[in-house]
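Two complexes, one shared chain (chain A), two partners (chain B, chain C).
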Partner chain A sequence: MSIAAIRTLRGRAWQIYEQMGMPTPQQEDWKYTDLGRINAALGDNWWKPAVPERSIPSLGADQLEALAIPDLDAWIAVFIDGRFQAALSDLPEGIDFAPLMRLVIDRPEQAASMLEVDKRMPLFNGFVAVNSALATDGGVLLLKANTVLDRPLLIRHIATRSGTAHIRHSIRLKERAEAHIVEHYCGIGEAAGLTNTVCQIDLAAGSRMRHDRIQMEQPCHYHIGRLSVTQARDSQFESHSVALGAALSRVDLSVELAGPGAACALNGLYLIDGRRHADHHTVIDHAVPHCTSREHYRGVLDDRARGVFNGKVVIREGAIKSDTAQSNANLLLSPFAEVDAKPELMIYNDDVKAAHGCTVGRLDTRQLFYLRARGLTEADARQVLTFAFADEVLASLKPAPLRRFVEHAAFSRLFHEEDAEEMLT
Partner chain B sequence: MLKIENLHVAADGKEILSGIDLEIPLGEVHAIMGPNGSGKSTLANVIAGREDYTVVEGSVRWRGDDLLAMTAEERAWAGVFLAFQYPIEIPGVNNVYLLKAGLNAKRRAQGLTELDAMDFMALVREQASRIGLEEDFLARGVNEGFSGGEKKRNEIFQMTVLEPSLAILDETDSGLDIDALRVVAEGVNRLRDPERSIVMVTHYQRLLDHIVPDVVHVLIDGRIRMSGDKTLAHELEERGYDWVKAEVGGA
Partner chain C sequence: MSEAVKLKPTPRSFAATQYAAGFVTEIEQETLPPGLNEDVIRRISAMKGEPEWLLDWRLEAYRHWRTKREPRWSMVRYPPIDYQAISYYSTPRRKGDGPKSLDEVDPKLLETYEKLGIPLREQEMLAGVAVDAVFDSVSVATTFKEKLKEAGVIFCSISEAVRDHPDLVRQYLGSVVPITDNFYAALNSAVFTDGSFVYVPKGVRCPMELSTYFRINASNTGQFERTLIIADDDAYVSYLEGCTAPSRDENQLHAAVVELIALNHARIKYSTVQNWYPGDENGVGGIYNFVTKRGDCRGVGAKISWTQVETGSAITWKYPSCILRGDDSVGEFYSVALTKNYQQADTGTKMVHLGRNTHSTIVSKGISAGHGCQSYRGLVRMAKSAENARNHSQCDSLLIGDRCSAHTFPYVEIKNPTATMEHEASTSKIGEDQLFYCRQRGIPEEDAVNLIVNGFCKDVFNELPMEFAVEANRLLAVSLEGAVG
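Coming up: the complex of A and B.
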């Protein structure tokens, strides 16, 4: 495998994009998410990289500090506008975390396998193809068998300018390895940009991963994200996918339970206001017997915000003794807010445990009255109930500084800062 | 004094209360008894400010304030407290947070400074132990996973922390065993004060053995049909509500 071969691979990916184009609302998976807003904001060449190759964007220390997650003791990898920032990163020794660009030069074989475009991938679309064609940066983490990453790895993605950041991460845990990955997406400024990120996770037998994805980009920013997970025997995967920011965001999360005893727990929260749009599509594939999946997504939609949740669970014919439970609950805070929620269970054998529930509602008037009868103002009572509803998802975030940070980010958006503070204690 | 005049209340287009007149002076405990469905909870909820009911006619004044013109929270700040017949579960909202927010909102409305966190916790711990609520209840969600008896205790616990001047207890006795009933009654009796009025809604006289009322009213089909002293409760227990109907010759 040579650099030339990678060039060929990228060329092929680009061709696929040219054939497929951007997804359109005519496609079943994109029925509720119209990408016209991205075209309008970024133009036909929406994919143009935000930062030309080899130039290094910079950000002041105080700005970096202001966007940080306070008190989170973590290894850090920083990407600004899609470019890896080695000088700002703090990575463990002996851990193989290589930026993609270097990988292409040092180990093209590995880079090629990472950039492979596979149209059979669940929810495959033009964004993934463009990502394969254009992503120059991303983190590659390989944990050897039986190693435990001692601290969470925080991957900071900071958007500061217009144009698109194509990012490609690949994380592989060998047998019984353990890691906690936090993908944080944020930004500064008013420029309309796009984050197009793909993260592939490969969990070998008995390995365990926590993965938290916190998206709180600027209101003028767009976000297309993908997480593809493959799980071998007895591996465990627990994730939180939180969408608070961006004008429009779409996250596709797919998990293939490919070895018996594998288990995943997917948690999600979309809490948006204004005219924001947040779309979560998930696919859990029970490919083999004896796997467990749990999924719990909640949405809070204020003003004219629109949420989309589509949770597909496939249980294959041979996947007996599968155990799956999915729940999606939505809270509409305004008469103009909207949500399109769709659970999709596709079960091809009888020997399974499957449960699902999906609700769309408003605040409970009896609960509101109870709180007001105890002296809370109506506004406070609404805040408290909204907080309680959303926090069901955030309460399992660990460690404490991460949970506190996300709760703050979520609730200071809807509430006065000091009220959020009170409720969190 | 609580003064209710000619109160007519409807819900879903149906009249539930049909002209209630009631006066409860400061310092007194009044019991309101009546069969199921007679409108006792409706009366209690309308006083506390629940919005699902339509007040068709009449007035409710507490110490001169026109309660019907006030929101539920303003009534709470004016000293009104309702112990619910069916306390609702609010998962994820911390019990102590609710009390602190409620108490401080009331203090702000009264022009007082907010309680300092230490003093507040000391108060909460003392009242919880008096009412027999374990500390771990405090850290849980409001009524979340509580048994029926625990929910009722929690209502009384909240009442003793918030120290209302008008306490309305809606069937707080139902679902309580004898020991719990005694604890709850002690909580209410501690609150008896020349500056407070207490309304006890019940349809058994059991609770009234522990909290002796000054006056007993009988509510049937949305109207007060009879009032008397504590012996009326015993009479009702023996002779039932049909006797009252026959006596007043109505309905």
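Coming up: the complex of A and C.
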């Protein structure tokens, strides 16, 4: 395998994109998300990488400081506009972490297997193909058997200019390894850009992973993200996907429970205001017996925001003793907000436990009355109840500095900075 | 509709009891040759002596149908249908006009209905249910006309309605399900041959249950009936519908359209027991049941309630829906669907809330056994104008056996923050502890399963008129025979 071979592979991926094009609302999986906004903002060549020449973007120390998560003791890998920044990163020794670009040169076979386009992937679409064709950089992490990453690994993506950042991560945990990954998406400035990331996670038998995805990009930015997880026997995966920013964001999250005893818990919060649009599509595939899945997504929608949630759980023929429960709750705070939810169950055998629930509503008037009767102002009462609703998801974020950071970001979006401050202390 | 499902199970083999309505009536029939084009539609229209406007409407529907593609989004699989191989009109041969009374009806036909447990003649004397019997393409008899006339209720076949009440038909036909609605609705609009028409005038409570019984008899035909029910201000009507067909190795198409219109404070209750031939245990034959049913609560405080028990058909594709246009209107959907052997069902409902304070309830119970494949597909849409709208949906599936499948696809689209929507769904098998409990008390396994299934469906059966519920229970038990154990 040579670099030339990778070039052919990327060429094929590009052809697949040219055949498929961008998803349209006529496609069932994109019924509620119109990508016309991306075309309008970025033009037909929306895929053009953000940094065409080899110029290294630079950020001031104070700018970086403003984006940091206070008090979080973590390893860190920084990507600016889709390029890995070794100087800003701090990575553990003995852990095999290589940015994709170096991998292409050093170990092309591995790079090729990462970039291979698999059309059978759940929710496959043109963005994945484009990502394979154009991915500029990304993290490749391999954790050997029985190793435990002592601190969370924070992967920060900073968008600073217009154009698209195509990022490809691959994280593999060998037997009984443990890791906590935090993907943090943020940005600076007013330039309209797009983040198109693909993260593939492969968990070997007995391994455990926490994965948190915090998306708080600038209001002029667009975000297309994908997380594909494969779990072997007795592995555990817990994820949080929090969408607070971007003009339009879409996250496709798929988990394949491929070994008996595997368990996953997917949590999510989309808390958006303005004209933002946040779309989460999840697929949990119970391919083998004795697997467990839990899913809990909540939405808080203010102003003219629109939230989309589609959670699909498939239990295959022969996957007996599968246990799945899914819940989706949505809170509409404004007369112009909208939510479109579709919790799906597809079950192909009888020896299973499966349930899902979905609710949409406003704040409970009786609860509001209770708080007002105890002297809270209307606005305060609403804040308390909204906070309590959303915190059901955020409360399970770990460690505490990360939780505080996300809670603060979420609530200062909806309320005055001081109020959020007060609520959280 | 108790009469629709009196399938007395005898203690003979399962094969004999499984589909008791599977016989063929030897009767002279007049059938149009297979194929569909504008001339066929003109002939159907001419044979029925229809006015010009209806022919034009049919032709417009046909032209639209030609531009449409068959829907493929549902979770049902079947080989492509050759729409040119179907005969679009079949009628028992008769002379001159239709029968004036039951005495003029062919005794063979009466016998058929008697065999099915629908004694039209006795019905007229004893039971309090008015029946419109539709045999293949045409309505053969409508009972109780006189008594209904006294109350001012119009209950007749739609062909008669076109002749006798053209203004009403013209005003409402296609106003809920337009010809452009979907592929099968367009086809139905082009070729529909008969069906029932009900008009309940202002303030009238229909004095008895109305009922239509549909029977497919001829082979190579499709049945395309059209039902139109209008309840004027403050009126009430309860309508029951039942269906059967002979056991044949070929698949037959049934594409009906039902339109309900409820004006101010009117109430319509529409119950269906669908027992078309489901095909044999290897999935050969059976009816393709592609039906569009929709109710429009046009007036303030109107209420439309759908109750369905779906045990038949090789493939079911139907979504009885409510458009809650009037303020304070109410929509309800109660469904039990059973798929066994190789039956497939993709069914559910749509509740479209447009008016203020509109309420809807969805209770869907699916039972899947053998290689059955069942999907609940529902939509709850609350428009910006739907202040204080409420919906509660519950979809439960019961799986029997490890080769069957059950799917849930609820679509939720909410644009108003004062709306409240709750959806819950669960999928499980028959509890081993429940079975054990029954067995321990000396109840044979098959009876225990029936008991548990009946309990599972109770919420829906409670909505059926009483005698109908008893029959639905029995039908379910007969259908489940052989599926368990």
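Basically, the second predicted complex is superposed on the first by the 424 of 425 C-alpha atoms of A that agree within 3 Å, B and C clash if a C-alpha of one lies under 4 Å from a C-alpha of the other, contacts with A are read in each partner's own complex, and residues count from 1 in each chain.
We take it that a contact is a pair of C-beta atoms (placed from the backbone, for glycine too) under 8 Å apart; a residue touches a chain by one contact, two chains touch by 3 or more.
Only a predicted model underlies this, so the values are computations on that prediction, with no experimental measurement involved.
Contacts of A:340 after superposition: chain C is touched, whereas chain B is not reached. Looking at the superposed arrangement, the partner reaching more residues of chain A, out of chain B and chain C, is C.
In the superposition on chain A, A:361 makes contact with chain C only, not with chain B.
By the document's definition of touching, neither partner reaches A:45: not chain B, not chain C.
Shared-chain residue A:375: touches chain B; no touch with chain C.
By the document's definition of touching, neither partner reaches A:19: not chain B, not chain C. Chain A residues in contact with chain B (one complex) as well as with chain C (other complex) do not exist.
Within the complex, the chain A residues that touch chain B are 364-367, 369-378, 380, 384-385, 387-389, 391-392, 422-423, 425. Residues of chain C that touch chain A in their complex: 73, 384, 397, 399-429. Those residues of chain A that touch chain C in the complex are listed here as 28, 32, 317-318, 320, 330, 332-335, 337-362.
Residue ranges on chain B touching chain A, taken from their complex, read 48-52, 71-73, 75-77, 81-82, 84, 87-88, 90-93, 97-99, 101-103, 105-106, 141-142, 158, 162.
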